[in-house]
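Each in structure tokens, the structures are laid out below.
Heads up, the next two complexes both have chain A, just with different partners, chain B and then chain C.
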Partner chain A sequence: MSDVQKLFKERVDRITTTIKIEEPDRVPITSMFETWAGHYSGYSVADVAFNYDKLVDSFCKIAEDFEVDTLPPPLGVRCGRIYTALGSNDFSFFNKEGVSHASVQHVECENIMSVEEYPELIKDPYKFIIEKQLPRRFKALDQAPDKKAEALGKAAFLYQDYFANAVGRLGGILEEKYGVPCLFKGSTEMPMDALMDFFRGFKGVSLDIRRNKDQVLEACEALRPLMLRRAVQNAPTGPFPFIFIPLHIATYLKPKDFETFYFPSFKKLIESLIDLDMTPALFMEGNWEPYYDYINELPKKKVVGLIEHGDFKKAKDTIGKTITLFGGMPIEVINNSTKEEAVTYAKKLIDDLAPGGGYIFGCDKSLLAPNDINPENLKAVFKTVKEYGVYK
Partner chain B sequence: MSEKFQHITNALAELDEDALINGIEKAVEMQPGTEEAQEIVNACALGMEKVGDYFEEGEYFVGDLIYAADILNCGMEKLKPCIGAEGSAKIGKLVIGSAPGDLHDIGKNIFISMMEAAGFEIYDLGVDVAPQKFVDKVKEVKPEIVGISGLLTLSLETMGDVINALKEANLRESVKVMIGGNPVSEAVKLRVGADAHSTNAATGVKQCKEWVVV
Partner chain C sequence: MIVKLPALESELFDTWEKHIEANPELTNSPVEAKESFEQSRDDFFSMIMLISTF
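And then the complex of A and B:
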């Protein structure tokens, strides 16, 4: 076994052990490197979204300079070619002068689906998506059938090309050259988040849970099989069966509404993924403290949760026996304090979160814009975790 | 403040849409004069203030603020015929927009709804607003408050560009500047030279009211 292969195996073991909530040799390290990876190499968002060589280069540079144990696939960068070919109305890479944004921007399309269309969505969500929702999100799909078919064909080709020549190629190089396994195998969304993000918008869903309660619940149930299919259809790209799931509307709901509307389809989807031997990796955006009781109802030691806000010691004590905690290192601390202060903070995080395993060290937020993280402080923090995070 | 419309205040505070609309409809049937209609508007403003308090206490969440603003809008529609041509009394003016380079506006729109409910006259410049557009609007309408909203960390820099443009146009002293959005903090406020920052609509509105109420 070559050194790189050995390194790869060590890293895989480290992560597979910790997610069983057992102690590995040391705390594994990663972060949600997204478009910042490009900025770090001097590339704009448009560079890495459209040019796969630059995309691959910039993520390899992260592996090389930061020596992380695993990296997420570059899906957060998104494929500029596909969104452009389809004429996306919601994702944008350039400002109105045609200059690259500092991070990919998503404009909320309110009312992609009107409130009157709930019955249609509930009856046949797939049909509704193909015939109504996609044409409203993508200009190229809002055309006569022959043109629409042409656009879809082109997008399918671009999608395959992207997975082969960007995502797949990068995964191969990271594994073979740097011994870095890919963190996620696929991604999906929770049904109610999908309903908000791509059908009704934030305001729409916030009003619907008051005025159209049953329809919201039925729509979540109708979307659930599609969200499961979205998770499992992706080609395997790494050794971990992690499915990345960003959670969006949850922390904007009071616990009672969370329980009524969000939790039923959330729990069922997580259970289905676990039945298929997948590990749901939940991006718990916002402060999840009011919902910890619900997290404790999930199957034990089968879920990873990236935490952003709140008292992390409390998180460890409350939900740390149920799920593996990931993240917690505030980018604000890394950017606005001295190297020594940042390192001290990281040690405290390890003291609080690492005992017994079930912890992956990382920043609390995704790294997107040029100034999102101070690379020198981040390197110092990672170095500390490698020394201080060793289990004895 | 008369207690005649207390039920309207309560209905809004408790997010009881039917009771709120019923209460306003009944009041409208009595053909209130401009002055009495203004009392109903004030009752609603009080209700919204309570909604803000519940939010700060952690009882209401952001979704509740959105719903509160929406049922209030429905109520105001019903009341419109009773409020004279000049509309209800305003307590101040706000010029607001998303920071240059930032296309996000969900938070800004929630803030605007609550500011409207609190009695402010709003001039919404939209998203990705150039510093000069802020300057031009401030010259034109002479607001007490300028709001700059942002979600991206990039906006933390461009908020400073807006404030500098106001300084260069000699307008900075005539307005209070509030920066708002998830990434703002006390440190950012000091760095860009704003007067206040807020990560949620409720506390932002409270601050703005303090500024205009003498």
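And then the complex of A and C:
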């Protein structure tokens, strides 16, 4: 076994031990590096969204300079070629003058589906997506059947090319050259988040839970098999890499509405993934403290949660025996403190969150825009965690 | 082991059985033909889900 292969195995072992909520050799380190990876290498968002060599180069530089234990695949950068070929109405990478955005921009998919269309979505959501949702979001799919077929053919070609020459190639290089395993092997959304994000919008769903309660519940149940299939199809079984699941609307719901509308399909989807020997990694956007009792209803030691807000010590004490905690290092502290202050904060996090295992060190937010993180302070913090986060 | 799920219940989610019904000359195809058909169907599904719900 080569040194790189040994390093790869050490990292995989470190993470798989951690998520069993047992103590590995030391606290694993990573963060949600997205378009910031490109900025760090001097590339614009448009560069890394369209040029796969630059995309691969920028993520390799993160692996080399930050020596993280694992890296997310570059899906957060999104494939500019597909969105552009299809004429996306809601995602953009550059402005009308061709100047790249600082991060990928998107507008909310409000009223993509009218309230009257719930029965159609519930009856056959996959058909609804192909026939109604996609043409309303992509101009190239809102044409006569022959033109639509041509656009779908182009998209299919670009999709295969993207996964082979961007995502797959990068994963291979990270493993073989740097010994860095991929953090996620798939992703999905919770049914109610998908309903909000891609069909009804925030305002629509907020009204629907008052006026169309049964249809919201039925739509979540109808979307659940698609969202499960999206997560696991063609993925190898095994607890690591994880399945990435960003959670969006949950913390905007009152706990009672959360219990009624969000939790049933949320819990079922998580249980289905665990039954398939997968580890759901929840990106818990917002403050989840009011919902910790529900988190404790999930299967123990089978789920990872990236916590964005709240008291992390309280999270460790309350849900730390159920899920592995990920994150905790505020990007504001890294950016607005001296190196020494940031390091001191990181040590306190290790003191609070590392005992007993079940903690992956990382920033509390995804890294997108050029000024999202001070790289020198981040390197100092990671170096400290590698030394201070050793289990003895 | 790669996860394989049962067919999705949808008018537009193709299955080998529906495909044979439309193309009876393929009834005695080797198993590789069926697997290849299902793989391309699953790849197409993945692309549709990527552009519609990601």
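For the reader, a short list of remarks on this structure follows.
The rule is short, and it goes like this: the second predicted complex is superposed on the first by the 385 of 392 C-alpha atoms of A that agree within 3 Å, B and C clash if a C-alpha of one lies under 4 Å from a C-alpha of the other, contacts with A are read in each partner's own complex, and residues count from 1 in each chain.
Going forward, a residue touches a chain if its C-beta (ideal position, glycine included) is under 8 Å from a C-beta of that chain, and two chains touch if they have at least 3 such contacts.
This is a predicted model, so every value here is computed, not measured.
By the touch criterion defined above, A:T318 reaches neither chain B nor chain C. Contacts of A:N89 after superposition: neither chain B nor chain C is touched. Contacts of A:S337 after superposition: neither chain B nor chain C is touched. After overlaying the two complexes on the shared chain, residue contacts for A:Q143 are found with neither chain B nor chain C. Judged by the touch definition given at the top, the superposed model places A:L207 against chain B, while chain C stays out of reach. Legend: residue contacts after superposition of the two complexes on their common chain; A:N111 is shown touching neither chain B nor chain C.
By the document's definition of touching, neither partner reaches A:T16: not chain B, not chain C. In the superposed pair of complexes, A:N371 makes contact with chain B only, with no contact to chain C. For chain A, the partner that touches more of its residues is C, with chain B and chain C as the two candidates.
The touching residues of chain A, when paired with chain C in their complex, are 75, 82-83, 86, 124-127, 129-131, 133-134, 137-138, 155-156, 159-160, 187-189, 194, 197-198, 225-230, 232-237, 276, 278. Of all the residues in chain C, the ones that touch chain A in their complex are 1-3, 5, 8-13, 42-54. Of all residues in chain A, only 92, 95-96, 101-103, 105, 107-108, 202-203, 205-207, 209-211, 249, 251-254, 257, 290, 332, 336, 368-369, 371-372 touch chain B in the complex they form.
Interface residues of chain B, counted against chain A in their complex, comprise 15, 17, 58-64, 66-67, 70, 101-106, 109, 127-128, 152-154, 157, 185, 187.
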